[in-house]
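Comments concern the structure below.
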Amino acid sequence: MRGIPTLEVEKRLTSPRWLQFLAPFISLILALMAIGVIFQALGVDPLFAYGKIFQGAFGSMYGLSETVVKSIPLMLSGVGLSLAFRARFWNIGAEGQLLVGATCATGLALAYPDWPKFVLIPMMFIVGFLGGALWGLIPALLKARWRVNEVITSLMMVYIASNLVNHLVYGPWKGPEEMGFPYTSKFSASAQLPRLAWTRIHYPTLVLALLLAVVIYLLIARTKWGYEIRVTGENPAAARYAGMSYLKTVVLVMILSGGLAGLAGVGEVAGIHLRLRYPGGISPGYGFTAIIVAWLARLNPLGAVLTSFLLGGLLVGGDAIQISLGLPSATIFAFNGTILLFVLGGDLFTRYRIRVKRRTTN
Amino acid sequence: MKRFPGVLANDCVDFEARTGEIHALLGENGAGKTTLMNILYGIYQPDAGDILIRGSPVSIQSPREAIELGIGMVHQHFILVPTHTVSENIVLGLKGKFFFPEQAARQKIEEFSDRYNLTVDPEAHIWQLSAGEQQRVEIIKALYRGAQILILDEPTSMLTPGEVEDLFQILHSMADEGNTIVFITHKLNEVMAVSDRVTVLRQGRVEATLDTAKTNKRELARLMVGREVLFRVEKEDVQIGEEVLRIEDLHALNDKGLTAIKGVSLSVARGEIVGIAGVAGNGQRELVEALVGLRPIEAGHIFVSGQEATNRSPRDIIERGVCYVPGERFAGLVPEMSVAENLILKTYRDQCFGSGPFLNTREIAGRADELISRYGIAAPGRDTPLKLLSGGNIQRVILARETSGEPSLLIAAHPTSGLDVGAIEYIWQLLLAERERGAAVLLVSEDLEEVFTLSDRIAVMFEGEFMGIVSASDADLEEIGLMMAGAHRRPEQEVLA
Amino acid sequence: MLQFILSALRAAIPAGTPLLFGTLGEVYTERSGVLNLGVEGLMIMGSVTAFGVAFTTGNVWLAVALAALAGGLLALVHAFVTITLKVNQVVSGLAITMIGLGVSGIMGRQYIGQPLGVRFAPLEIPVLSDLPILGSLLFQFDPLVYISMLLAPALWFVLYRTRWGLSLRSVGENPATADTLGVNIVVVRYLAVFFGGLLAGVGGAYLSVVYAPSWIEGMTAGAGWIVIALTIFAMWDPLRALLGAYLFGGVRVLQYRLQPLGISPNLLAMLPFIFTILVLMASAGEAMKRRIGAPAALMQPYSREDK
């Protein structure tokens, strides 16, 4: 008796190398097609829109420079997230860690505007790193000690950080000359990061980001810590068996992940805005977009360098279509979200295979 | 009446249970008891043979169909939702009243409670109940769905002696009312105490079906463990050295917070293999975990090489030269990582693999190659992901890792389970080689042949205690069988070697 | 003083209503074991849909209905991706939020700044609405408020006292057990996620059609994230959600009203999130887990072979 064919998802034993490499690209293309459909349905000409996005991001020197600008915080946060996610620690709070880093650096800049530049800037980075690290440490401790779900805690910490920034810029830190806007005073000259020529690229942060991407890559791939992190992420039971301390691993990972996001925050306030502003003005969701950066790069820090450029470009392109097509800036979120979904789905195909199975009965 | 001739793996099983009787199904692990009952419950399908219920042939494709035929099963590990109440668990999944569904059950629950002495509070939450009470819920659950044939899989494994008594009374009253009870167990006392007839399975075959009244424990034990000629491997005479492991009156709990080990004492010295025999689930897993620092010790002491090792961290234990081959293979492996990376799981902190924070990949690769060739691991290369290897080779990787460091104490739990004859022989040779090298080896295994072949001394574990520790050369198979089934105990003074 | 309290209360209820709708939905979703972080996206899709429909058709009830549908459909995407494709629930939820925010922005661009001609008339309840103080306090709200107030106990009842609720809870606590007993895990989870989306859509609709009423890009302003926190704070119980929603809504409203008293609005706004973390910590202990814990199988995809 023949049975009814059913679709079953079964795990692949190996995924061919070519598939693993190609999958993100295929997903990307499929995502773009899906977005095209949505655009069409909402009365936007998709090809025109894509053209504008590409042109805006890569079609001019200005566009390219802006792409680099946006890729800096994405790179720093993304590298940090790739580390955290390798340990299967779902750090959703990079946005909050970024804001706290920015806040700490701002505090220093406002308190000691007269320090010489070569002292103030490095100190700002250090303080920003520590602030972000602390912010990331809290969910880590809660997880390691009390087994509290890190997704929720890190997410809640974002909103606590956001409110903290609001409190400061509307209140005690509000710049007196800013006419009631939620800004701090502009940073003194020694607290401002130098820029590359006529662009807004604050190159010290960029260099730092590239360096750290390499450092983190080496950490994961070549050190004993990195080994512990990978084992903890792949099989926590084996990690226990081997005598690895979950607490130590997770604390280390989150200090780095939070700290890197903190550095991103420092870059934004000291390199771009030159002051602390209301949260949305500092980061249009870099911490969340960084999740896509890390995931697209398959949690490889070096890959994150590339994907941060890609997503940075998308953000710039999003600004471009806002101007040319009158689309709201939130449009680019739809892009990012769809890409993320398709990448997730595509990832699936490298690990699973769809089979048609017939259930037979005798 | 239920008759069941079926084919299990290679063997034909004829099994018959009558209305109103309590029929025990006796055997060790792997004897085929659970498989047999799973077929009856629709979880597996027989390859050949028929099932007849009350004389008519039936085909059981799923547990649902089994339930419709009046077959109910109470599993060893209860399937209840802890946060729900008793009545909620009982009606879960059934079509019935939409509003207040558990109310409808209440009346029936009381009925069953009275009839069979299954006292339980319908409003209590499962997590508040003792194991015995939870089991009663499972029984009522089956009865509520109309079961007249009740299968219980190792029902006393989680019960206190008092609760066991209560259970037997319940079973008797159910049988008196015309229900059929099939009782899977490896414990002889229980078979003798409660069953009307007993079927002994060994290695998938029915050894005998007997009236309980007409048999005795010795006979059953003999049938259960068999009398095949045990093939002995060439074992050298090795000088026994100083004591490496000393366990004194150990107590530990299992995952559910119940006592799993009650007062275990043992000593293992260099150059000897001590085998722990026993049916799985009698505390062996918990004992091994306690030894390697993966389970807290409630009372008692462990000494490794003379030093206190009670409740130390796994890292600490590893550093004392204790190596552990876990029973669940993947508890000690990372399948996604390469062979080489798995090989350094315990040793990555060593200086030779990299000074400071860095890993010396060349050193690691070299070591991996060396181990691969020395231990004959069949793998395309050292960078192959571990999950691609066959079971036997995966085991070789673990053994390579654990034995290459020349441990002073090697603990191997079920090292050959699921492997083919060739792999088994290789692993046996390895363990014997360790013994000759002067390591102390603690072997935990359900395979009696393995235990007999390799061990110098055998400890039999039953319900968290050692029923006896005997030297392998004068071990009597029947006695071991009785100890495994809880029916015999050696006097105290012979316990510590 | 009394006046202040009463007026604060009176403001807290409408402020809490969108939160309540969203939370009731997310409670059901999480009770089935699925975490849906996309609530913000679902709500804002509801907002823009409701505004658009109300604007063009003038029919507010139709607007709410279609908003619910919008939320439900987007939620189904999450359901498909996490239940059938077994993709990571956290990341999928975030993607849904982003998509919701983005698509709503595009859809709503024509409505920015447009006034809404139609309203929900406040419901006049005979006798009760005319009571001196209580009248204006409790009995002059729009119909959606009352619907949400009735929905909470109704959903509580369904969850704890009906067969459906029993199945739902089992799927979230112990899917393996429920599966063995014949409960269809996949169907239950899909329905729960869809239902959550419907209610989130209604919550968003409330914001754009009643509370504001207008369309502003990103107008949910984090309400979806508060819903996530509120679900935990309410310990997955619909009645506690009722209280919690008004509490959190009250805080949101009070933020600015307490400013003259020297209490910083932002520090006040942090409190709900801090409380949520504390609740999580408290419920992490084994004993507490039994009583007030999260559905045990939350965030774990279910697959029969994994047994």
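Per-chain residue numbering starts at 1, and chain names A, B and C are given in the order in which the chains are listed.
Convention: a contact is a pair of C-beta atoms (placed from the backbone, for glycine too) under 8 Å apart; a residue touches a chain by one contact, two chains touch by 3 or more.
Predicted model only: the values in this text are computed from it and were never measured.
With chains as nodes and touching pairs as edges, the resulting graph is complete, every pair of chains being joined. Ranked by distance of CA centroids from chain A, the top chain is B.
If each chain is reduced to the centroid of its CA atoms, chain A and chain B end up 47 Å from each other. Centre-to-centre separation of chain A and chain C, using mean CA positions: 27 Å. Taken in their complex, chain B has these residues touching chain C: 63-64, 79-84, 88, 91-102, 125, 127. Touching chain B in their complex are the following residues of chain C: 161-164, 166-167, 169-170, 173-174, 176-178, 180-183, 290, 293, 296.
Listed in rising order, the residues of chain B touching chain A in the complex are 45, 61, 292-294, 313-318, 324, 326, 330-337, 341, 344-346, 348-349, 354, 357-359, 361, 385, 387-388.
Remark: chain A residues 13-14, 222-227, 230-231, 234-235, 237-238, 240-245, 361-362 touch chain B in the complex.
Across the complex, chain C is touched by residues 9, 38-39, 42, 44, 90, 92, 142, 146-149, 151-153, 155-160, 163-164, 166-167, 170-171, 288, 291, 295, 326-338, 340-341, 344-345, 347-348 of chain A.
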